[in-house]
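Listed next: structures, encoded as structure tokens.
Look for chain A in each of the two complexes below; its partner is chain B in the first and chain C in the second.
Let's look at the complex of A and B:
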């Protein structure tokens, strides 16, 4: 989307340009405020203005020259770099297949970029060998150093590169980055750490890394969305991470919610029982997440039936919505009856969720919808049931047309 | 010195000080905006976007397309929306009492069939007369309603929307394939996000293939070129700067994404203004600040929306007049925010700035420059001072335009040739040698027409977006009604 080079230099040049403008303008404002104007002040005002025009012209020339040079140079530069990167990809593939010799010493930027691209593309042992190459040639150490020091933009670039490299040895550097006071660095590091954690095979290292990452996220109080993303990005290591997050002494509600949502999204049945206590959590958002997780896991223990049934009558709309979705996991007769009742809920969204859940119950649910469309005491429930049935017909027609 | 001369002298001083302060402020915003763009460009990597798509961490979106007599562009626009690169979304087109062939074109192109439908009538709107679904695109819904204006049409779309995020998009716009993904990323990152605005770039001159702007070329007409500079300056410097300061007052009506519950909470778009986009953002700020709820409204330079800009002067001036009347209506409606510390930076800085430099700016500009001119003609002001001041104003504007053009050059999809860059440079010169002044006069006149002609769609003559998926065709944008 963006060219990530030359922009910082441009900002510096613009800062100089703005300063060139600001000094005479500031002086001008001050002089005018001091009451200089009219025939006697004309000459002095003129000289200040002349200075301002001169410095602004210099600013304009400076900025324009840079923009024109950037346009011209970047086009050629990108072409050259793309060619060199391609050459490096070919060479690395040769190295991996044993057809070419491994280059000696440190690598140029394009060589590292080619390796990072291969690390993303290749799988299994070849990908592991790419990781070895990155480490052996010092690219990882160099990226770690750039991720820790320098300008924010440079550090972000290095963190993204490490995120693509997913080298387990860089995990702790990335976890340390989560503690950074700059939220951009903190969030980028958390994401990169999660992606790296996903590639940690050793169980002990995985638990240690997960624990460190969870602690860092809690300390930094990262928002729900980021924690959820981190959990999902951790892939197979997510179980370790979720376990640590849920076992935290006093976990924050957003963290718990993110961990539970992660359980649902990754369909981690191993945590099915862990979700149950959160179905009655004091925080509405956490309860909602627990109901969502139950629906996604497709598992509802018998002991939790009562909780879901109670949630169907909750005062909070979105709890009833999630409860309606989860209610399809109740025994069929009970589910049909309860969902049919919810078709008459005061909230349109709950009615819609109940209708969708009935559709999800298959022929029995559709039959119930048919009955509700004809006989339900509530007009809105009849309308919603009819709508859900119509949607099913539309889907069939669409499938036929397709 | 006579009274008349003293008044002229005072006006001159006010004008020069006003210009100096404005220039310094614009410079500062530009610097802040540039920094925001640099950081934003590194925040969202391609890997991150791929992760979002692959790992199901995204929020579904309802794209709402209000349309009134858009038979020339509607099919191409809708086709571009239904083929967006996003895992879960729906497109809701609201024909707001169109009297041309808008509905017929849509019915034919997307195999629409009428379907009785129940929906939550949360926001009150003019009656929806029919709802149609596409047999080809399962995510496409088209509704027809009685004419009520753009805001009313968007409100009807919000009622029909099923997803937690709503994205009103103009029907003469195209979106980049990843625009929705990049914009919604902000909602995943931050729970308190309630609205995100994207960048709007002129489509004129671009090559469009399959509903996407694929290659950029300078349009033929200068009036279109001037708007390229204007848009770049407004979005890459202005809005990015305001957003960075946490005081963004405008999300373009052409493309923005809002949390549906937040919009409903404040009562939806207000139908009695010509600037419903800005009004909604101001109301969101106000209501959320009052309720003490954490919230964020940001501009993100990454999601890009392409729009067809006016290619003739009368249309452009009408558009600017409408925008300015909308701005003043909104500022007046929310005058309680002015210098109100309760609203923090917004109340103490952004709203006063908009009053002084945007709302009343054209008045000060026109009256001030006229007074300087008269002063110079009468010999009260040294003629050399007058010319120097004029030169300074032009040069300052050019610097900002060049910075904006520089940001544009950093986009992967930019005007590719050095000659295009030179044309942009020339455009930034031409802009301040007549064009800017012309627009200022139009806005000056609009100041005294505020309050009139509400609830109308802005009439804009269009060429229309090419709808053929291939071969590449150019938006000539020259033969308009």
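Let's look at the complex of A and C:
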């Protein structure tokens, strides 16, 4: 970030330097071309050549001097700013504890940055008071304005600041940013909106915000990874967001997948039944996500046992992998038998997932692995069972030694 | 005066810790990394250690292990951890951490946990 400040100066200096080189070189080229057709004197060409070399040297010196000077000045500048921010943090802490008076009027940049840093660091009533200070001094309105207008880098800076501030009143500005045609702005706004949504306490406002954010993400067709990140960033508000994403009239497969993965990652048992229909979804990725969620939630209804058993024989490798992991939730006897069968799967990854699931079943699973290592009809199954048992021994040794 | 060593590299968190603990009457030393902390801990003059986990020169859990093993002090250690670090919390407790404070944190909660750790030590 060494050119964070001074883009315009750098552009001007660079243009001057290039001109210093380009003009004499252009003239030289023209004279040489004329010489080929027999109308130029050698001495004059020599002097032009010397001039071109001289101006190139001057240009390089100019650029080098600027870069070195800039490095020095910007390092000092950053240090000064960091010190001022630190002073402001101390001053704001004094304000929060009642030991110092609140500054009047609008705030300098470092004062706002200090408040944003405190908003990130503090929790509870102190954090709420920091939010009040940001709003009272007009910092939030200013950031919202900067997030909507100006250069892309300026807008991104403001969106990140709002993301750190997580002020509920700025939520709709951020949601509107998701509709931006610039994908950088759109994605940054979605992330910032999710973090802000996490701080919306009023349930009505939370549902309304979640609905608006889900609509914006669907309209913009944000990719799976971003939607999943947004769901996780929404923290406490993720339930509202997931509910809206899954209830959407015709949700895209990446959206459904992201919502289901969010259910699993955040261990939202409240959605355990909502996951079930997706275990038989037409899209392989969605089915895989549903099986993953079942494993992460640790809940498999009896009605879904057959679906998981069928998935163990699915044609798609990664479905069988997730099914093997979920199979540990089947009744123990059934799980032991089915996972032992999967130790002989044609895919190494499925064999490994089955072995890991058996390990997860405790002593009975380890005993089953022992039997498989000795008696399984498939050579690869025997190898995998033996390997899994060996790994357990080394894990035990490591745990004891540590 | 009760002495506390805070090992934390983030300048905002450092300032908040310093302000909060000094306001409550504690004598606080702040260091940004493990190597500085080792030197001060060797002097054995602290009643409590506040330890961040992600430090620029190593993992706080390694220092915690050394405090309990090599540095040999019975000093209470209060670990500062991020959200959703359940595994780290479990590992820290196994290594002998007395309590955890999750970042972002509330200053009153921090002071309550510090007071409890110090009280437990006095009660031992």
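In this section, the second predicted complex is superposed on the first by the 337 of 402 C-alpha atoms of A that agree within 3 Å, B and C clash if a C-alpha of one lies under 4 Å from a C-alpha of the other, contacts with A are read in each partner's own complex, and residues count from 1 in each chain.
One rule holds for everything that comes next: a residue touches a chain if its C-beta (ideal position, glycine included) is under 8 Å from a C-beta of that chain, and two chains touch if they have at least 3 such contacts.
What you see is a predicted model; the values in this text were computed from it and never measured.
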| item | value |
| --- | --- |
| Partner chain in contact with A:254 - chain B first, chain C second, else both or neither | first |
| Which of chain B and chain C A:120 touches, first, second, both or neither | both |
| First (chain B), second (chain C), both or neither touched by A:223 | first |
| Chain B versus chain C as contact partner of A:367, first or second or both or neither | neither |
| Partner chain in contact with A:313 - chain B first, chain C second, else both or neither | neither |
| Winner by number of chain A residues touched, once chain B and chain C are compared | B |
| Which of chain B and chain C A:90 touches, first, second, both or neither | second |
| Partner chain(s) touched by A:396 [first = chain B, second = chain C, both, neither] | neither |
| Shared chain A contacts, counted only where both chain B and chain C touch the same residue | 120 |
| Chain B contact footprint on chain A (complex, rising order) | 1-4, 6-8, 10-11, 14-15, 17-18, 21-22, 25-26, 28-29, 32-33, 37-39, 42-43, 45-46, 49-50, 52-53, 56-57, 59-60, 63-64, 66-68, 70-72, 74-75, 120, 152-153, 156-157, 160, 163-164, 184, 187-188, 191, 195, 223-226, 228-229, 232-233, 254, 265, 348-349, 352, 380, 383-384, 386-387, 390, 394-395, 397-398, 401-402 |
| Residue ranges of chain B in contact with chain A within the complex | 1, 9, 12-13, 16-17, 20-21, 23-24, 27-28, 30-31, 34-35, 37-39, 41-45, 47-48, 51, 55-57, 111, 115-120, 122, 133, 135-136, 138, 162, 178, 182, 187-192, 302, 380-382, 384-385, 388-389, 391-392, 395-396, 398-399, 402-403, 405-406, 409-412, 414, 416, 418, 421-422, 425 |
| Complex contact set, residues of chain A against chain C | 82, 85-86, 89-90, 93-94, 97, 99, 114, 117-118, 120-127 |
| Contact footprint of chain A on chain C as seen in their complex | 10-13, 15-16, 19-20, 23, 103-109 |
